[in-house]
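Each structure below appears as C-alpha cells.
Shared chain: chain A. Partners: chain B in the first complex, chain C in the second.
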Partner chain A sequence: MIPDVVLNEWYPVAMAAMVGPWPGRQTMLLGSEINVFLDGDAIVVRGAAGDLAVTLAYGHVWACPGTPAHPLFPIPEAAQPGRRLVDCGVVRVKCSPLRAVENFLDIAHFPFVHTDVLGAEPHTEVGRYDVQIREDSDEVWATKVHFYQPQAAKSAAGGIVTEYMYRVAASTSAVLYKTCPNNPDEWDVIGIFVQPLTEELCEVWPWMALFDDTTPQADLIQFQQMIFLQDRSILENQIPRLLPLDPGKEIPTQADLTSIAYRRWLKRKGLTYGAQMVAA
Partner chain B sequence: MKLYDYVLSASCYKIRLMAALMGVKLHTEAVDFHPGRAHKSTAFRALNPAGTLPVLVDGNLTLTETTAMLVYLARGTWLGNPTPTSAAKVQQWLAFSARLGASLGMARLHDMLLYPGDIDALRRAGIDALRELESHLTEARFHGHIFLTGDMPTIADIACFPNVALAPDGGVSLDDYPSIRLWSRAIRALPGFIEMPGIHRLHELKPAPEAVPPLESLP
Partner chain C sequence: MWVANGLSQDLPAGVVMAGAWQGAELAIWRSAAGRLSAWGDRCPHRGMRLSHGFVRGETLSCIYHGWTYGSDGACRKIPAHPAMAPPAAIKAEVYQCVEADGVIWVAPAGTDAALPDLGGLAAVRSVALQADRAALAAALPGFVAQRDILRGQVAGAAVALALQDRATGLGLHLLGVGDPVALSRWLDGVVRLAEEGALA
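Now for the complex of A and B:
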C-alpha cells in the first residue's frame, strides 16, 4: 500500500505543450497507469479510479493521485519579466525517483561526470556550505555553495566560480539557483521535475528559467540534456536501487550535507516511495 | 563545414568524433530533435527530405547519410587499404553499423526518450549483433589486430562504435563481451577522441593527479 502522504503530493506527468487528445500520453504514476490528454481546452489526467487533481505550472502538468495536502510549491522566478522559460522534454531513467533528485543536489560529482563542463580536476573540493530544513516552507535548502566550473552554462564564455543554492521543493522536485553569467544580480533557475513511474523507474523533466536572450532554444535544451544524460548511466548503476534513508554502508562526507538533509526530510515526512527503509 | 546536430544522437556523434579525430573543425547547429522534433519540420525537410539527423553541409555539398559523411571526412588509412579486400571489409562493417542502429540504437531511444518499439525484440537483435561483433573482434585479436579491419582504425570502427558503446542506455549490458570492451578502449585512446553523454573518456589513463598530497602530510 502506498501511504496517503505520498498519494497527497503533486507529481509532474507531462509537458503541457505536448499534450494531445485521447489517449494522449499513456504513462504511469506511482505504479498505476494514467492517461494525460486534452479534453476540449482542459488537460485531464485519468486513472483507473477516476480523474486526478491537476495543476498546470512551469510548463508542465502536475497531478495528485490523492487529496492534495497543499498547493504546488511556488517558483516566483517563473513569473519574473525577462526570463526565458525552457521546457527540456522528458528522459526516462531506470532508477528510484528519489535517487534522481539526490543526484541533482550533489556537487561533488561535477568534475568526474560533467568533466570540463560543470567541473574539472584538480578543482574537486566542495567547500563548506549551509544546509537547513526551513520550517516555514517545509523545504530543504542548501546555500553558499561555491564551485569552480569550466563552462557553467551555455552562455558562459570561460571558467568561473559559480555560486549555487539548492532547494528541495517537493519529494520528487528540486530547484537550483546558480550564478547567471549574463546578469550578476540575478540567479539562473533550473528545476528538475521527476515523475515516479514506479519505485525503480522514473521520467525526468528538466526545466529552466534563464536570463539569456541570445542562445538559440535548441542549444539551451541540448546543453541541459547533455548534462542530464551524463548522469543517467551513473544513476542506472547505483546500488541499492532504492534510496536508503538510514546510514549503513554508505558513508556520507561533508560534501553530502544536502543529501543527508533530503533523506532526513523524506523520512520525517513519510515520503518513502522509492526509498529503502532497512539500513543498507 | 556545418553539422546539423543533436547532442544525444549516436549518428551525430559519429560525425563529431570523426571530425575530431581528423582535426577538422565543425560548426555545429543544434536541431531540437527532442522534445521539439524539429528534424521533422517543413523547414528542416527542405534541407533533408528524409527528416533525419545528422546533415553535413560543406559549400554546395549536402550530405544526409552518415556513412557518406564519414567517407567525406576520412583521410589516408581511415578509408582502409587500397585493395579490393580491404575496401570490401570496410563496406561490410559500414553496412553492419546500420543493424546496430536499428537494434541497439532503437532500444536506447525507447528506454531513454520513450520511442515506440518492441523492446524485447530490439534488445534480442542487438545482442545478436553484439555476439557477431565479439566473435569477429576475438578472432582479430588472435591475429594481433585490435580494430575491425586490421591494426589501424577505419571509418568502419567509427560507424560501429557509438551504438555499441551506448548499448547499456538501452538496457543491454556489455559485461559479456571482453573483446568489444578492449576495442572500445582502443577507440577511446585514439588521439583527438571526444566523448558524448553515455560514452566516457578514459579517466583511468590520465596521469595520477600529483596535486594530491600523501595522507601523512595532511594536518
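Now for the complex of A and C:
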C-alpha cells in the first residue's frame, strides 16, 4: 500500500520531445504501468485507473498519481535569457530512486568514481558547508560547498576549485548549482529528475541549464552520460538496494550532512517509497 | 564451518574478489605482503560492495569514497576528512580466512571448527555452474559427499570437489593428484553436464 503523501507528489515520466502517439512511452510509475502519449497536441499519462495529472516543465513530462499536494517545484533559471537547456536522455539504474538522488548530492565520491574529471587524489577533503531544511519552500539546501576539480565541466580547460549549491526540490528530484567556467557571475544548473519505476528500479533524467554557447550538444550529453554511467556502477552495488532511513545501518560523517538532512526530511514527510525503515 | 572460496593461485597480491559464506556475500583480498582477509561485502559507510574496491599496500579501500581499512577490518582513513582519526566503531565485518592445500577457506569469526583434511591433494581449478548438490553427487559415480566435500576418484587417482553456494550458482573447487590438464578436462565434463541441464 503506497501512502497518499507519496502518490500526491510529482514524478518525471518522459522527455517531452520524445513523446509520440498511442501507445507512446510504455513505462512504470510507483510499480504501476502507465502510457505517456500524444493525443492531438496534448500529452496524456494513462494508468489502469485513468489519466494522471500532468505538468510539462524543464523539457520533461511530470505526472502525479494521486491528487497534487502542490505545484511542481520552480527552477527560475530555466526561464533565464542566455541559458541553454539540454535534455540528456535517460539512464536506467537498478537501485532505489532515493539512492540515486542521494548519490547526486554527494561530493566526496568524485575523486574515486569520477577520477580525473570531477575529482582527483590527493584533493579529497570535503570542507565544512552549510545545510538547512528551508521551511518556506520545504526543500533541503546545501550551500558553500567547495571542491577541487580537474575538469569540472565540458567547458573547463583545467583544474579549478568549484563552488556548489545543492537543492532537494522533491523526493526524487534534485538540482545543483555550480561555478560556471564561462560566466563567473552565474551558476551552471544541473538537475536530476528520477522516475521511480519500482522501489528498487529507477530511470534518471539528467537536465542542464548552462551558459555555454560553444560546446556541441552531443558533447554535453556525452559528458553527462559518462558521469551517470560511472555513478550507476556504484548505485547497482550498494547493499541494501533500498535507502536506509533509520540510523545505525550506515555510518555518515561530516561530509554527509546533505545526505543526513535528505534522509531526515524524507522520513519526516513520510516519503518512504524506496526507503528501508527498519534496520535489518 | 569452513567454506572453500577459491584457489590461492587465483588471488594474487594486491587483488580483491567477491566470495560467499553460505548466504553471506564477502570481499576477499590479498595485501601487497600476501596477507589474506575475508570481510562482509559492505562498506559500513554507504553499503557499497568492498569487492569492487582496491588494494593499496596492506589496506583495502572502498571504491565509492575511498574509506580505507587495515587487515583487522578497522577504518584507517576517511579521505573526505584527512586530518580526522576514524572512530573505532567504523569496522568491516571480519571473517576468518586461511589457506590450506592451495585453497582459500572462510569461516565466521570465532569458529572453532577444524579445516577439512584434504592432505595430499593439490588445488587444480575452480568453476561456477548451475547445479543441485544431490544431482551433482548422483552424476559422479563412486563419489561420496561429506558436508561440503565430494570425494571420489578420476582415472584411478583420488580427487575432491570442495563445494560453495554462491548467489549466482554453485562453486566447485577441484583438488587432486596427477596430471592437472587431465583433471581439468574431467572438470570440463562436469561443466558440460551442468550446461546440458543434467545437474538441475
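Criterion: the second predicted complex is superposed on the first by the 279 of 280 C-alpha atoms of A that agree within 3 Å, B and C clash if a C-alpha of one lies under 4 Å from a C-alpha of the other, contacts with A are read in each partner's own complex, and residues count from 1 in each chain.
Quick note on the criterion: contacts are C-beta pairs under 8 Å (C-beta built on N, C-alpha and C of every residue); 3 or more make two chains touch, one makes a residue touch a chain.
This structure is a prediction, so every number in the text was calculated from the model and none was measured.
Using the contact criterion defined above for the overlaid structures, shared-chain residue A:Gln222 touches chain B, although it does not reach chain C. Considering which of chain B and chain C touches more of chain A, the answer is B.
With both structures placed on the common chain, the touch criterion links A:Phe112 to chain B and to chain C. In the superposition on chain A, A:Gln80 makes contact with neither chain B nor chain C. In the superposition on chain A, A:Gln132 contacts neither chain B nor chain C. In the superposition on chain A, A:Ala255 contacts chain C only, with no contact to chain B.
Touch criterion not met for A:Gln26: it reaches neither chain B nor chain C.
When both complexes are overlaid on chain A, the residue A:Gln238 reaches chain C alone and has no touch with chain B. In the superposition on the C-alpha atoms of chain A, the part of chain A touched by chain B in one complex and by chain C in the other spans residues 112, 121, 233.
Interface of chain A with chain B (complex): residues 15, 18, 87-92, 94, 112, 115, 121-122, 203, 216-219, 221-223, 225-230, 232-233, 236. Residues of chain B touching chain A in their complex: 6-8, 29-32, 34-36, 38, 111-114, 168-169, 171, 196-198, 201, 203, 206, 209, 211-212. Looking at the complex, you find that chain C touches chain A at residues 25, 41-42, 44-49, 52, 61-66, 78-82, 84, 89-90.
Considering their complex, residues 106, 108-109, 111-113, 121, 124-126, 233-234, 237-240, 244, 249-255 of chain A touch chain C.
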